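Let me begin by handing over the structure; questions about it come next.
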Amino acid sequence: MLFLTAVAAIGGLAVVLATLLAVANRKLAVQEDPRIDAVEDMLPHANCGACGFPGCRPFAEAVVTGVAKPGKCSVSSDAGRAAIANYLGVDVGAEEKRVARLACAGGSNVARDHARYQGLESCAAAALVAGGGKGCFWGCLGLADCARACTFDAIHMNEHGLPVVDEAKCTACGDCVVACPKDLFSLHTISHRLWVACKSQAAGDGMLEDCQVGCTACGRCAMDAPGLITMQGNLPVVDYTKNHQTRTPIQRCPTGAIVWLDPDGPQKGPAAKKIIRKGVRRDAPT
Amino acid sequence: MSTSGHDRTFAHGVHPPECKDNTAALPIRQFPFAPVQVVPLLQHLGKPAIAEVQEGQEVTRGQRIARPDGFMSVAMHAPVTGVVERIALAPAISGRMEPAIFIRPFPGSTQEPLQGAPLDAGTATPAQILSAIQEAGVVGLGGAAFPTHAKLKIPDGKRADTLLINGAECEPYLTTDHRVMLEHAADVMAGIPFLLKATGVGRAIVCIEANKQDAAATMRQAIPPGLPVEVAVLPVKYPQGAEKMLITAMLGREVPSGGLPIDVGALCVNVATTAEIGHLLPRGAGIHERVLTLGGPGIVKKGNYRVPIGTPLRFLLETVGFERDITRVFLGGPMMGNAVSSLDIPVTKGTTAVIAFTARQTGNVEQQREYPCIRCGYCLDACPIFLNPSMLGLLGKNGEHQRMADEFHLMDCFECGSCTFVCPAHIPLVQHFRIAKRAVRKAKAAAK
Amino acid sequence: MSAFDKTLQIRSSPHILSGNSVDHIMFHVVLALLPAAAFACFAFGLTAVLTLLVAVGACVGIEHVLCVANRKPSTVGDWSAVITGLLYGLTLPPGLPLWMVAIGGGIAIVVGKLVFGGLGQNPFNPALVGRAILQAAFPVAMTTWPVAMAEGRFSGLPSSLLTLPFLTPRYDGVTAATPLSAWKFDHHLAGTSDLALGFTGGSLGETCALLIGLGGLYLAARRMLNWRIPVAILATVALFAGILHLSDPARFAGPLFHLFSGGLMLGAVFMATDMVGSPLTHLGSVIYGVVIGVLVVLIRVFGGMPEGVMYAILIGNALVPHLDNLLRPRVYGTRAGKGAKA
Amino acid sequence: MATDQQTTSDTDEFLKGLFAQNPVFVQVLGTCPTLAVTNSATNALAMGLATTFVLVMSNAAVSAIRNFVPKQVRIVSYILVISTFVTVVDYLIQAISLDLYKALGAFIALIVVNCIILGRAEAFASKNNVKRSVLDGAGMGVGFTIALFCLGSVRELVGKGSLFGLSLFGSHYQGWVIMILPAGGFFTLAAWLQFFNWRAQRRARAAAAAAPEVAR
């Protein structure tokens, strides 16, 4: 008798609950394009925003709906972008690799400080206190906000307190561009090798007291490469729409403020004077 | 309204050491000209003035050398008779290089200031007064350097009923307003009619802290018959000189968050600014010098000086002498003043004081190690606008800038420094707030 | 004059500080605790001296060792571990085996403070955390009370004090109920003056209410203690106990008995006012104090235990984040309906 | 998604539950019995074995029926299967020792809702064949038993000075009552979790140090 009751109870329950499930399955089912999940899985999950979307999932939605091309994700590898394009049957939309570049070469060995900053160890903090105390008001403060902002471990501070970008790791996400209070970073395609490593609007010998490698606005580079380089304010500006694969402009630069970025380090022209001061010199008389 | 009430003040605030005795009794002295006077084109909030002189041109003291660029800008005047050496970049307190006019004085000149067409408060129209104030290059001399004519321009639909002449001078060390009130009471009283006329306000109250009783007495005596002016004495408390605090202390009104004093029918003008208007407008002249306090333990000949605009700090310090172990120089009072990184920075219209600290004073600030916040709540009791600096500091440390603004009224902070002053954990709260405010503004600008 | 040839320092304003500092505050709290500690030594003799020394030593020692082991600068210089040790020691019954004292001190610092991130991060009063865990671990030892003012207290030590580690203590001296448990279980009421002056049994710091109050006044005068909290707690206890007493004097003890007995004074003045675990706002402080006061009376009168200050404060601590979140100060210029007047 | 995962060996399938994916210390599942019944080594062991039995049997059953049960009613079916085996265990323990049955109390019945069991059924047994599911269940069960024993032995040792009821430190040992109370379960679990995390971190660091700059 107990056995029969048990079977009846469980069997009856099964019928009722199965009906409930059937109704729930029909009324409450949610449909979403499964390709969005698949594409999101193929993305690097960095959520860095380099693609212009808030994160990887919105980007995946945009790619699936055809709003964006897989190539917009600069963080993923070539193979990864190709895999997404292949999966969706779309064009990769290839873009040349871009990297972040620093427009300052004034490390502690060549640039002097006016004053000694004390307080929170952050460029953003120092920049708000009389500009940070560096002699050159445009120069890098060297407190590594960019290195901290970089989620890809692509920026490291060198022994002179200057950030160095690892081009292999840099994904052009732009976090350092936002982080730098002196706006020294900008994103460039990797083929832009001719580079003005200075942002100082000061000119002449006066500025050389503050930084030995700054641009003195002598204009020789602009003279040697007319059309390619123009002087704007007190700085040369390279027009990258022209043919810029030439080392001519760096030849006569007296300070080495305009350089050729070789993969194994920046190359200065023969006229650039040697850096005499070697040691770390953080304080000098005002 | 009583004029001697000691009960009128604002809630919270702090009592830093006053340190005014050294210079309060010293009369204002004229300062000599530097070998080169550096007149920045941007000495105020707003757009820089446009230079009207060329290199090599001779200028007369008081002559206009730059014209205002639009409404939020004022004119500049030559601080000295001499020759324009060059127009080039000069370091500014902001930490940037700003364009400035370098003037080399003529050694033999009488240095007689140039005067122009006088203006009479009785006959001038409000518009004439405002334009004359702009032409005279008058900005808030209390430190903010906000163009005064812009402040006095009442927006359509708004009306002010009270003009507060701010002589609180609550920052330690500062005694310029004190001396101006003692020595130039007539100028202050001459300036008030211009302000009342320009704004259509019926009464003015000169607000003075109780540690300047002599100034209050002098001001009371100087009130000309018929002028609707009162003198009020307020208890000593920092930051009483802040516009919002002064309005609350005097009128019991709170300026709405994100609003202006005019939203509660009040206007605040610094007493030195008023004196300057009373001095310049009847003569048709422009600001070419200002009174500032040279003080702090690092200065030898402390005092109040009338310094030509554009005098480099280096010349200032070398003239009055400095202690050998000087470590820090800042413009303005020690609570809100900005540290300078270079002594090539010139004195501008917003410079209320140059204070120099030596290793002894700085030592007790710098060698204090930072502790974790122990939630003592001192900062909450100090903040005059009732923020929660403890919480804000915690969020700032974690970089949650947007949350600070959205939930904890970060943007209402005016960086008076009271919270950092009392913090026993020595957390640089104000610095965290500055970074956060900048980040929030940047994000807002980027979103547009 | 000579030329200026120095490198200036720059930093963010303000350029002057009030000169107050965390270690300064903590040191003064220690000072304020000393009279009560000295009286405990007087009332219980060498036992109290050893217990307090071991309690402070355990707290300071474990904090120092763990800081060093984690390759961080030692934080014992801020005096907060000393306060924890002293307060914790004052909550212990005299004659508690020293090995238990040491273990509880270690627990107070490790579980009460360091696991949360150290000074400023601990939601609960570390001294009370140590005591609460000890109370749960060794309930018998923690509720055995040698009498105060015993003869020969300066010449000998009770055997229980020197029990070998991890062994059960044996009591040879005279033990007695605390005034609270005497009232709760035997309905015997101690005299108010004895309570106030501390001539009764109990934990080391539970005895002299007057000296504790003195320490509190000293701190309050130096603004190192939020007076609203002890006032709110004591007023609530007095009021609540008074109402109960009036309703049935035979069943409920009077307000003075409640105020001066047990750990209420020590808890209200020194433990509930721990800055880290108490609310930031004034209104929050008062609510916090009222909650603790109500809980104390509820536990004492209606609960299973004779004393409830410890749990009342710990529960109060748990409320603090919510109080701070709910009772945010009204920011200047945001008063509703107070706009333009003109 | 009914493809069998054949990337690991059978032995690994069993061993992963012991340490690498230990249900209590790594996955932090089934904390209710972990905290409630570990006040003595005996209780802990009994609870662990009971759970192991249910895990193995339910994994086997779920795996066997995985291809017949429609996706929509799978959870209902799993729970039915699990509760059946729990009922069996319930009777079993009652038959073996009434004292033990009383000590474990409601927690035997609560094995039904132990998320380790439903979790393995859903995550593993529904996708793998019977043999591998049994191995997985056994591994997880043994891992759970080890974890419970870790807690139970420490709590009994410190709380009473005994192990499996045998006094170890003599009659003068002062037991720490709190360790027998539920609060002691939290402290002990926290300590073990701390130990496992510390071990995992140290291994990760050692592995990172041993790998010569692979990323570049």
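Chains: A, B, C and D, in written order; residue numbering restarts at 1 for each.
In this text, a contact is a pair of C-beta atoms (placed from the backbone, for glycine too) under 8 Å apart; a residue touches a chain by one contact, two chains touch by 3 or more.
Note that the coordinates shown come from a computational prediction; the quantities given were computed from them, not determined experimentally.
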Most heavily contacting chain pair (counted by C-beta pairs in contact): B-C
Rounded Å distance between chain A and chain B, as computed from the means of their C-alpha atoms: 41
Geometric centre distance via CA averages, chain C-chain A, whole Å: 53
Separation of mean Cα positions, chain D and chain A [Å, integer]: 47
Chain C, residues touching no fewer than two other chains: 4, 6, 8-12
Set of chain A residues in contact with two or more other chains: 114-115, 118-120, 125, 128-130, 133, 286
Residues of chain B whose C-beta touches two or more other chains: 338-341, 343, 366, 428, 431, 434
Chain-level touch network, classified as line, ring, star, complete or other: other
Footprint of chain D on chain A - complex, ascending: 10, 17-18, 21-22, 25, 168
Interfacial residue positions of chain D with respect to chain A in the complex: 72-73, 76, 80, 216
Footprint of chain B on chain C - complex, ascending: 1-4, 6, 8-25, 78, 117-121, 223, 226, 275-276, 278, 280-281, 324, 328-335, 338-342
Residue numbers on chain B that touch chain C, as the complex places them: 14, 16-17, 158-161, 172, 244, 248, 253-259, 263-265, 314, 317-319, 321-322, 326-330, 334-341, 343, 355, 357, 361-362, 364-366, 368, 371-378, 380, 384-388, 390-391, 408-409, 412, 415, 417, 420-426, 428, 430-431, 434
Sites on chain C touched by chain D in the complex: 97, 100, 111, 133, 136-139, 141, 163, 166-169
